[in-house]
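Please find the structures below.
Consider the two complexes below, in which subunit A is the common component and subunit B and subunit C are the respective partners.
What follows is the complex of A and B.
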């Protein structure tokens, strides 16, 4: 097991005397009651072919709150996020084991229909990826797929509400039929969020949603995440520790395929327990 | 300090060398381009200079007496009977009266040879159209025979000694007499576009080959486009990446490089001999060409599908589209310009293909214009091949003219592909 990505990570490993495979069990300081938990991962392991990417993740994410995953590149945080809506199914040679319980259903089981699952668990990607279609069609695509609207008026309403929720309606009201790709990067990303919430999901997964955006657009997205919290359970992967601190209530720190530390955001950033977490958030590696 | 200077000087010298190398490379490029352009220019000059006369045809004016004893001997005016009258005799009589001093049997034969054998049919059509002209004298323009046509167009040199030229002094004298009386005219050769093949060059046209090509292309397109696109979609989006699909992939790429005549042999063995499909028919030709075009379309379609950013697919799957929905709603429409371009280029290649069609008998001499894909037919490139093989001098210009028509179609198709790509290309 040596999927190292950065030399300084190796250094810190050595320094902490952990590179001999003697990885300590993750610290989990979040205690949730049964009905607070929305997503509960139990011993989730991911393999890409022969290469192991995740070594047994146990993590409970609370309902109506924002949980953020941080960690250096290649630590498995995105991989874990993609397990949450079975997006890894689309990757050849990727196998996922363990359990992820959402509303008392193990979503990793073969019986679960991924199409319905992904309607329930929406996803926003790193790079804004609107369809090269009109703004309207972008948002209306999901509802059309799942037959959420019975007529045109209803569909119009869904599109309008979704755009309103992401604060885009005012900006694009007069050009709903223009291509979504013509919007600015930040607007595109908000359009993608509108597209995801148009199918009325319960959970929103965001994979570094701001990494391709400028600070102002980022601020808008963060504001939006804060507004959406409550109505949706949000899980966000981010490279920016400041962002994690700003938007999330819980933070999980991943390193080399392990969950190192999981706790209240404030606690993680002020008094981390694990040496590696401390090293990462103080900028010694990452 | 001096060391630094030295290294600077060295760097300077190297820079000079680098610049020179760059200049040389550019010159090679320009040179290669110029050479290629020259070759194309030569090719086109040769084809056009040989072929443009093929679009013209010489006509000779004759005063034909519509003799009732020849046209309608029993006076019944029955079209069914008048169909089979000897109209060529009218032409011969007209020529005889025009040149009364030709009495020798052999000379007479030569005299009659000035006019195309199709003249009789023209007269018949005139009579059947309007029977009231029987008994009158009509001034008609009839097609000159191929050799006279060549003479009038200046292909045969009149100053050459008689023994080395394919046309005799007598014939030249007759034609010159006609020319003096303004009874000779070069007109646009509509016959070239409306007639099927013929053994007589002046009567030969490309319509049979054009229709044959169109029918063949139709069959090819109807088979290879849906099959190719579906295969590409399956291989690119759905097939598991294992040894078997890898094998399929390698074989598709190999198929694209198989000599086309091999496809012809396969068509002969399977389609004709095993399935008993009609010989020389566009349906069999189209199937053979479809086999040949299939790899081109599959490869182009796969490349087009691959060029669509995976984020589009992820986005669709992320909102709960099934894989098929994601492919058909997003991937395919976005890849369509590329797929169409590849298809058109594949079709253009098939349109210009000769070798495999020779194998399934499309090289036969077929004078009729086909009306269904099951009729015997030939195609444009095979027509070019057939005419290029014919001994008559007049077929040279026909060959080049047919090539020009073929090239016209190919250039149009390729231009269409470029246009389509420009027009439908979407950016994201």
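What follows is the complex of A and C.
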């Protein structure tokens, strides 16, 4: 296994006497029973063309809780997240192997219909990306695609409930027909979350949802994530370790395409087992 | 001939000036070029500019004023001209003199006086050239000496050279702008002359176009009528047919190329599509006239329709094909400018490719696409060669695409080709048509550029 190029990280590894070519299998201290697990990844490997990005990830994510992925840039955490709703299919030359079991179905299998899969597993992106349509149409986009509403009233209701859930309804009630791009950054991101939950998914994937937002908007989103927990299984990628500590119950630390350590968030941040995790969370590299 | 020699002499002097200036600058600091204000070559350019620029200016003045001075000197001695002679007569005498000067004395108009004038003319020309030569050489050498003398450690040669470059660039833009103004105003003045003979209302609202007018007084012909409505109707009809072909095909191919095609297909397909843009329009023209028009007629006859051998449909179809790459490459650009985040957003909600294109990408790219289409329309309206060859000349006022119609550009060509008298309404009508056409395409372009610019602001 060749480590990905990230010079400073490699230096630290050498310093920590860890890069002997065989990277450890990773510490996994999360023990979940069969019915607690919502997503189960087994030996997931990703290649972009010839370049390997993930080297066999094994990870069980619990139902109704928040799991966060942390790690330095280029460690493969976003790549792994995008595997969970097959978003990597849209990238040319990207191949994913292994198994990801969601509700007893291997979502990586060719038989799985990505349209239905993505209705079940929603995604929120790094930069707020509302469509150049009205706020109403943004939220109604998913339900319309999947035919979730039989008439206008039902659609209105879905839009209203979704906006209510993200706490946006009060703010935009009078301007549902104005363009979604006119909202502030934090509002846009909440609109995107409302858009995702309008199709009634079971899982929400969030790829650094706060990295383009100011601290106040970030606090609001984090609060929202906390509220949504329980109704949805949430997986969040974040660059901020504080954020991971605040919002998640489980934390997985990725490094150079490997899962280094996975455990209860509190444990990861207070008593990490792996030297690299220790190095990363204490700010020695990354 | 002599001017060529002068030019080369000046260029040679400028080149010498470059090396002299550079060498002088270097020697002024004893070879240590770090002490110079500017790089050595700037001093070289500085001397070259001193040598060349005043000379260039002299040349320009010469070419503007030399003919006028010589003409007035020559005509001064011709007794046939007095204050009452018309300017057309003066011009005619002048051209006679020049003709004698060029072709010798055994010409019909060669009276002794004219021959003398011709000799005088040739002599003046010779003197003029000699003067030019002396002046040019003097300017160049004086410039060389002054430039060279100014060089020293303190001279900010780089700043001077930058200034000269700035002036050069400014002059170039002024030339471009003045040319545009010149073209537009010539169009405008000729059109005004036309409207002096034919009322504006008749031109804009008249339904009959037949610009046959007697060229000479003894010729028998009708007065001619100048109602431009059938012509603009024809232009619109053909442009409409062209857009009906170009917009769907161009837009759909752009969507395919930007959203569906693999990089390999795209790398192959796009250049092939763009070859269409490189075909000369005259080739499209005979393709339209020799292939498409007969085919349409045969098909039409098979259905029992009456199709003219030169039909609006044939010209419009081929013009549409010509515009496809225009529409497709502009649309392709704006579609690719739609941020990937929007596509991801739609895919992540379970949107399929076509749903994403139709509901997210096209609405986002619409302003840009509209701008591109408007540019394409103004292109279609101004297109000449295809319609000249395939659309016919009869100014029918019809909406039937199977009949022959004519366009503004075709009429301008036919009005101005051949021997024409330049103050008959017939020829002047071409300028009026051109003016209207210019206004229409200008408006379309301005609107299109506005729309496109507005769209750009949004995503950059």
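Basically, the second predicted complex is superposed on the first by the 278 of 286 C-alpha atoms of A that agree within 3 Å, B and C clash if a C-alpha of one lies under 4 Å from a C-alpha of the other, contacts with A are read in each partner's own complex, and residues count from 1 in each chain.
Everything that follows uses one rule, which is that a residue touches a chain if its C-beta (ideal position, glycine included) is under 8 Å from a C-beta of that chain, and two chains touch if they have at least 3 such contacts.
A quick note: this is a predicted structure, and the numbers were derived from the prediction, not measured.
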Simultaneous placement of subunit C and subunit B on subunit A, clash or fit: clash
First (subunit B), second (subunit C), both or neither touched by A:165: neither
Subunit B versus subunit C as contact partner of A:38, first or second or both or neither: neither
Partner chain(s) touched by A:77 [first = subunit B, second = subunit C, both, neither]: neither
Steric overlap of subunit B with subunit C in the superposed model, located at which of 45-53, 63-71 or 99-107: 45-53
Residues on subunit A lying within both footprints (that of subunit B and that of subunit C): 85, 87, 90, 92, 115-119, 122-123, 125, 127, 129-132, 141-142, 145-146, 192, 195-196, 199
Of all residues in subunit A, those that touch subunit C in their complex: 85, 87, 90, 92, 114-119, 122-123, 125, 127, 129-133, 141-142, 145-146, 192, 195-196, 199
Subunit A-facing residues of subunit C, complex: 262-263, 339, 341-352, 355, 359-360, 363-364
Residue ranges of subunit B touching subunit A (in the complex, touch as defined): 240-241, 309, 311-323, 325, 329-330, 334, 426-428
Subunit A residues within the subunit B interface of the complex: 85, 87, 90, 92-93, 115-119, 122-125, 127, 129-132, 141-142, 145-146, 181, 192, 195-196, 198-199
